[in-house]
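Next come two complexes built around chain A: one with chain B, the other with chain C.
And now, the complex of A and B:
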């Protein structure tokens, strides 16, 4: 069994090579545009760069999170895409390198609280200075990547170990690391979302913010995995494992994330809107005027209503072509959501006294698309090169054998 | 690497114990609990205790109606006391039943089959207990329909639709209706089994009526499966929506400690946490009294403990975010609220809450504590208490020192607060033990399907 899967996985390499090369070409073109942008539109550059970075880090982080949930919770769905998720988690080092420009070049452009003269005249920022300061920000980002890196390393290492032995201790280790791993993961990603995104407007705060970001990462990862799993479901060796049922399951997880995203985002809006406190509502005022509101309405429609209506029906969910369009659409809406979070922060009307919150109006720069395409191309190319490194079905997992047996019995 | 580090993976034990080998053994075992004259002594003891406690309600409610809500310990800053605490506590407990019967069904988790019936019953009884409090706190419950339900009247007086208290009325009544229907639909095939098995004429008539003419034909089963799936689909959003609406009762206000955006998911997780603790609190003694080791085994305890641990960690995440953002917000009021919680007059309650809800349940990381009945029961009691305290802390510490220091006051419950709360515990116990005695507490037809999959292996 092992040998044939090895051969079939190797036989897929030319196909994966093509995908890798295409992604690389797109990525390189995007990166060239990015470099041009750095010199021609310096002010805009880091805003778009932060958008691309916080968007694409969703792929490695989402993969790590879903892998750990799989190891803790079991479930048939995950065995079919486990190697895909592992390849996703191994793209993390690239994102680490891509975080360096923000830390060492762009922090001043992005974050108001790095300007000491502003902080000195702002009581709230003075209060937050022990947390929101440059060195601690850099240390924290390094710490997050260290935690994620360690988790990704062991999740991959022990999974490979299990391939080579019929003893079951690597699976047990994967289970052991994943429980505490999920706790660490939630805490670090939450803190990262506060650092990278919430502190763009350092006066604003919301306790649910991290949850919304994590759910969004999950949605993006499910969508991406669907798009990769679909062509693989028609090719050996994964054809018998990624069945129609499994593809539908991936659709169900997308639905769950769409609903959770709507639930958490709506809760945040309702609670802040109804209390209407000046320290909170301003964040929404900026985002619900000057043209930004249309993006908000668009998200209600295309980040929730339309995908929800399609995904709720199991007939629609079995239509693979439709679902791939939905997956692409949802991944794009993730970008729009982050754009709606990041970009309005830089369009505030300058005020003479106190903080300002009205927006000068909607802005869209070509870099907002060019940098996500550039980084995305490189990242996806890396994903496919990682996917080739291992056979596509994890071996010897005792849980897998059990499930496979019961699958056969039930037809 | 050392040998000790190479602990092998341990597969979960089968859902059904070795003692159950045929449909007959299962049916006889479970229906025998109801169709017997030999009721265990323990049943009478628990029922008697419940019946005694129920009198708290019998005495407390008439006095409350006669005298008014002034007999409770409410005062000016603390206008919401035990009534809302108990309401949230009971509603939360109900959530485990819905999660087990709906969400786990959709996720194809077979281990749910031996606990879903009792958990759903628990849901319904808990919601009934919860509903007492909003009704009673109106002071004149016979007017509650007039105040709460929106119907047009000649004076053009409508309830305030922007108030989450009105959303509560819809959320909770929907919840009760759907849970009741779901529970009853699941019972129909079992009522038919009971009808066919009982030798008692009265039993035959009653079970016969309840089974709605069920004959077990293929078309009956087809419709039954469809109805179950649809009801499961309907119930799933209720797991999230009911407690989210309950959390809005607090969160849409602007009181520090109430107004925070994490409340909806954090309340839902807390509800599941409290609910599983209560399911285990009920099922562990039931398993002992009725010898249900084949149906509720290590696997069920382990899985329920894991759900509890996961939801408990989400609750801990909620506490952490509240603490973090109270500081990060740099808001005077948020900061004061947190200081007052931790170092004010109720700080002992707060730290006991942390002990109950966060510290003690960490034992559940260790398999031994998840599968040992005694220890698991022990941890569950901490969670039952802790989740009540959580609502106490949220309600009382946020209110008793509000924006105006001149109106600050302490909250002291009166004997009537306690009497009525204890009374609902009595009501819950009595209803649950009546259910045990009159209805098969494990779903007969669903547990039989486990035998099918066992045979095929």
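And now, the complex of A and C:
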């Protein structure tokens, strides 16, 4: 059993190599464009860079989160894509490396609260200064990556250990770390979303913001895993494990994330809209005028209504081509959502007194696409190179044998 | 006499010891052309519904339509109350305040959909049904414990008491019993 899976996994390497190389070519082209952009459009560069960074970190973080949910909850769907998720979680070091330009080059360009002369004349920012200052910001980001790195390290290490032994202690360890791990994960990602995204407009606050970001990461990861799992479901060794039913399960998870995203995003709007407080509603005013509102309406339609209507039907969910398009569309909508959060913050009409909030209008720079493509290419290439490092079905998990005894009619 | 006996016969029922036996038998029975068949099991047997040619339920469409209806009712209720019947200025917001109507719209969508799912299910599956002939077979009590049953109804055009009995006996059952009406 072990040997045949090893051989079949190795036999898949030429296919994965092709994907890895294609992604790398796209990535390198994108990175060249990124470097050109750094020197030609310096002001715009970090805005687009932050967009790309906060978008692509969804893949390693989403993978870590879903892995922990799998270890706590079990379920047949997860065994079929477990090695994919583990490969996804091992792309985290790249994202750490990519966070350094924000921390050491771009912070001043991005965050108003790093400008001491602005803070000195702003009572609210002055009160927030013990938290929102440059050195603590850097320390916090390092801390988040340390927590995620430790989780990813052990999730991968013990899973590999379980491959080599029939004793069950590695699986128990995975289960033990995953419970508290989920709590830590939610706390740190929430804090990271506050640091990286919410503090772009340091007067604004929303307690549900982190949840929206985390759900978006989940959605993106499900979509990505679907797109990788689909071709693998037609090839050994995963062909018998990634069945139609399990592909449909991935679609169901996308549906859950779409609904949860809509629910939390609408809650944020409703609560802020009904209270109508100046320090909260201004964030929406910026984003609902000057053309930004069409992106907002577009998201209601294409980040919720259309995918929702397709995904509630199990007939539609079985159509793999349709679901691939939906997955690609939803991943793109994640980028749009983050764009709608980040970009309007830099389009404000300067106000003489107090904070400004009216928008000068919608903007789109070529770097907003070039940098996400560049980073994405590199990240996906790294994903496939990591995917090759292990056999594609995790071995010896005691839950695995219980679940799959009946459909192991496999050569 | 012969005629009377046939008219009181509901059908034949084979008893199996494992879900796999039932599944194999159900597939064979369907393949042999029998259509008025049914399977009984104490636990869900994956694939049994397809094996006996059970039609896919249309309940999702009912639930979907009622969900839409509930949404329209919810939004309509809010609109009628806040704009037509009892207009009130709340925090200077417009009378027709869309975001404010969404929670009620959402809840009524869920309520209508859930109720239509529950009652639609009862209408579609014919429950509660106080009497059913299969319970006349004594061993059928074990259908809720540890035995698996497959019945072929006498109404089936292919049904012939002896031939069908022979056919069922060939499927490796524990026992084949006649089901009285």
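Criterion: the second predicted complex is superposed on the first by the 405 of 411 C-alpha atoms of A that agree within 3 Å, B and C clash if a C-alpha of one lies under 4 Å from a C-alpha of the other, contacts with A are read in each partner's own complex, and residues count from 1 in each chain.
In this text, a contact is a pair of C-beta atoms (placed from the backbone, for glycine too) under 8 Å apart; a residue touches a chain by one contact, two chains touch by 3 or more.
The shown structure was predicted, so the numbers you read here are calculated from the model rather than taken from an experiment.
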* Asked: After the chain A overlay, clash or fit between chain B and chain C?
  -> clash
* Residues of chain A touched, compared between chain B and chain C (which is higher) -> B
* Asked: Is A:210 in contact with chain B, with chain C, with both, or with neither (first, second, both, neither)?
  -> first
* Asked: If you stack the two complexes on chain A, which partner ends up touching A:399: first (chain B), second (chain C), both, or neither?
  -> first
* To do: Could you look at A:179 and tell me whether it touches chain B, chain C, both or neither (first, second, both, neither)?
  => first
* Based on the superposed arrangement, let me know which partner A:298 touches: chain B (first), chain C (second), both, or neither? => neither
* To do: Mind working out whether A:313 is in touch with chain B, chain C, both or neither, as first, second, both or neither?
  => second
* Asked: After superposition on the shared chain, which partner residues are touched by A:361: those of chain B (first), chain C (second), both, or neither?
  -> neither
* Based on the superposed arrangement, let me know which partner A:131 touches: chain B (first), chain C (second), both, or neither? => first
* Could you say whether A:93 touches chain B, chain C, both of them, or neither, answering first, second, both or neither? => neither
* To do: Using the superposition on chain A described above, determine whether A:274 touches chain B (first), chain C (second), both, or neither.
  => both
* Both chain B and chain C touch chain A; at which residues? -> 270, 274
* Structure fact -> Within the complex, chain B is touched by chain A residues 72, 75, 123-124, 127-128, 131, 167-169, 171-172, 175, 179-180, 183, 186-187, 190, 194, 205-211, 263-264, 267-268, 270-272, 274-275, 277, 279, 398-399, 402, 405-406, 409-410
* Structure fact -> Seen from chain A, its contact residues with chain C in the complex are 266, 269-270, 273-274, 276, 312-314
* **Residue ranges of chain B in contact with chain A within the complex** => 5-11, 107, 162, 240, 244, 248, 251-254, 259-265, 306, 313, 317-318, 320-322, 324-325, 328-331, 365, 453, 456-457
* Contacting residues of chain C [partner chain A, same complex] -> 60, 64, 91, 93, 99-100, 102-103
